[in-house]
Amino acid sequence: MYILTIGSHSSLQILHGAKKEGFKTALVTPEKRVKFYKQFAFIDEVYGYKNEDKAVDYINDFANNGILIPHGSLVEYIGPERVNKIKTKIFGNRNLFEWEANQKKKMSLLKSAKIKIPEQFENPEDVDRLVIIKLPGAKGGKGYFIARNKSEAKEGLNKLLEQKMIKSIDEVIIQEYVIGVPMYFQFFNSIILNRLEIMGIDIRYETNIDGLRRLPPDIKIDPTLVVIGNIPAVARESLLPTVYEYGENFANTVKELVPPGMIGPFCLESVVTDQGDIVVFEFSGRIVAGTNLYVNGSPYSWLYWDEPMSVGRRIGREIKLAINSNKLDQVLT
Amino acid sequence: MYILTIGSHSSLQILHGAKKEGFKTALVTPEKRVKFYKQFAFIDEVYGYKNEDKAVDYINDFANNGILIPHGSLVEYIGPERVNKIKTKIFGNRNLFEWEANQKKKMSLLKSAKIKIPEQFENPEDVDRLVIIKLPGAKGGKGYFIARNKSEAKEGLNKLLEQKMIKSIDEVIIQEYVIGVPMYFQFFNSIILNRLEIMGIDIRYETNIDGLRRLPPDIKIDPTLVVIGNIPAVARESLLPTVYEYGENFANTVKELVPPGMIGPFCLESVVTDQGDIVVFEFSGRIVAGTNLYVNGSPYSWLYWDEPMSVGRRIGREIKLAINSNKLDQVLT
Amino acid sequence: MYILTIGSHSSLQILHGAKKEGFKTALVTPEKRVKFYKQFAFIDEVYGYKNEDKAVDYINDFANNGILIPHGSLVEYIGPERVNKIKTKIFGNRNLFEWEANQKKKMSLLKSAKIKIPEQFENPEDVDRLVIIKLPGAKGGKGYFIARNKSEAKEGLNKLLEQKMIKSIDEVIIQEYVIGVPMYFQFFNSIILNRLEIMGIDIRYETNIDGLRRLPPDIKIDPTLVVIGNIPAVARESLLPTVYEYGENFANTVKELVPPGMIGPFCLESVVTDQGDIVVFEFSGRIVAGTNLYVNGSPYSWLYWDEPMSVGRRIGREIKLAINSNKLDQVLT
């Protein structure tokens, strides 16, 4: 059996973990990255594609003997229409993709899960506080901007329209900017072990905003929020029971609203306020790049597993456990 | 033999480590957290308490067969009077609790140890530079504020009095605000191996202050300093000899002033200036939450131990070594 | 066979790794640090020196049975003239030292490697944008400053001349200040395995600049850039192919311009912009202190090695592999 994925995002971790769990591994990646990925001994086969249709072909070559692990770059790289043409089974719930792509459905799902979320504004006219305006898709925060009021919001949106970064205002999400610090909570919902595990916590490292503080304060540069890496963190232990409850609520709600439910890794992207509130402003229904920090396990995964357990390896382990207990169909879609 | 602790702060790490060293483990925690803690296989018994008196009862049930590991939330959760009613033996020096609770005794202890500390001001009237004003107890920095001068200091203190966060100005500590970067040095003083170990370094992650830099600089929000997590770090190696000397001086001074001395983990909370000075503005005479980063060992613990050694596990190891060498009474109070 | 180094910078990691690979270990260090280093069981012999000539003597005592591992403090501690008197073989390419010491040769080497670098200004008169001005030698960023324009650049340089931190303007490097976030990419170029490995990524922790953001924004303090530690990070996986290509280009160029080429660890100190550009503003042709984070392996080293592999240990491993394959002369100079 092969485990395969697209060469980007968290593919090294995924295939490294898959190999540790005894699988054959394959990678489908833009042609110019083939050389880079070929250096890793745990990747058995590397397929370089010239165009996205060819990528789908390569993936579908494994329809009978492979499992595709989706990550944040899958839809971004090959597009939602082509993803629909994938015949190879996917680990996880492919029905969640459209919820992820639509910021409004995304927030409604969190709301249904009784998770604290920021105030949403349908229309820039309604903005009455500090807001952040976000573009659709997983583009690493490109184009995101902060507006202090109605007029700044409208001005920024017009700029996005002019630059053709969006086609309509309906595409964006206008969200209350919650004052606090970001913290991203990584989970793994195990169908086979019937339990939820906290897998780690990270903070995003964003350019240029995380560099601006290094400049004298009188130098004014427009902040941008492009994610280019991650930094590890742990949370106050007294926050964890709430974090865990959020995770359980999320998994339960996905089960209800998006059958067959939450399979494997997900993330609740949050801000923690000085009142101790955990406000979730986004979720990812699959492995996030912040887990790349924990190739050898995280301060949390070590509490569940007496061996190094990355999320990538955890996926491989779940598939192995599913195979061994004849439940593979429960973790694939 | 049981190792037990209060369910918060660093309890996961403590019991995870205790289990690795072969102990039975028990947790006493507010009732609503029972479910959260029950998921961890390394916790043998979880006791949920409805009120703090009951917490003491649960702890005292282990008077004959258990050792309580104190951490920063023990006194905070059950109060100093109830801590005095604990009959179960405590790993560490319980006489240090009152030194920790009293900021002025705290600073005098550091001073006796010939550790560089910030200038202290007895009276807001004396303030002649940038200061930070700190409230008593381990409340994660809640209510702390920075004042640029005498009048800001007085104004802030009046606000705390009005909000009843303090009863008298004597409760707070007014400390020179040292310009530099924070670095928290974690130690373990081993009575049994007769040596001091550097266990790790962390940086606190504080809301909202660590989030404010993400805002455009013209948006003014009052900074708050509530600790909600920790980030790992290492120090320039050339700083370590001084760090180590500070640790030794501290342990020697505690031995002299607070018998039976420093047993096990402690932390020197510091600021490092651009002159290379290490200025210690606080200490913790027990395990700190920043060690939660290092469940699988830290860049420093790996230099002493050829196996993953968290501070939690190190405590379990010290107790095991003490039992095996018939010196258990030397590490308990 | 002994592996030895100077007691500072990354010496703990180097000797810890050497011991794991089966070597005897020795440390040569300023006398006052002897006590600190003697606590570590993996250091077999510690030699305290009173003056730098004596340091060279101690090092040369191992001319027949030792290998010296150079790091960023070697030249800084004993001076370039004395380094020339070292008879003990050095792991790495000692011809690179003079390229490292000369900022202009440094940048020209990067340019030859077709690595994106910041614009350089020969003369403060030419400054037409935000620049950073850097002093020679590895002094942890001491004296570095940012200038917004020609006049600030000239003013700052005059101050350095007055304070005798430099003798002539020719000593400094005037570099475009690239807006983005810093990221330091650590590599190991293996002669024996004939491959390049990504060993880790770090971010520097600098005083006072990383502390200033904790102050209310209306408090103006001159920022300083003294490195006092490091924080771990991972990069977006889609950046890695370029990072790796840069590393390969660098190794190839060193081979061409500075025979016998790049042996072992090096680092490309970079800024990543919001356009996804990786701009390298400096390199280190030897182990960097940021690798001290990864005594037990990094998120990247675990992809190459199925065991904990610090850069220190990797050096020991390379020497062992070289001895076993009779190629020791290929990794020493």
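Each chain gets a letter, A, B and C, in the order it is written, and its residues are counted from 1.
The rule is simple: a residue touches a chain if its C-beta (ideal position, glycine included) is under 8 Å from a C-beta of that chain, and two chains touch if they have at least 3 such contacts.
It should be emphasised that the depicted structure is a prediction, and the values quoted were computed from it without experimental measurement.
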Size of the rotation, in steps of 5 degrees, that lays the CA trace of chain A over chain B: 120
Copies chain B and chain C touch via same or different residues, half shared test: different
Between chain C and chain B, distance of the C-alpha-averaged centres to the nearest whole Å: 34
For chain A, residues that touch 2 or more chains besides their own: 210, 212-213, 217, 231-232, 296
Residues of chain C touching chain B in the complex: 8-12, 16, 32-33, 35-36, 39-42, 73, 140, 142, 205-208, 210-217, 219, 221, 224, 226-232, 289, 292-296, 308
In the complex with chain B, residue positions of chain A that touch it: 130, 146, 148, 177, 179-183, 195, 201, 203, 209-210, 212-213, 217, 220, 223, 231-241, 244-245, 271-274, 276, 296-297, 299-300, 302-304
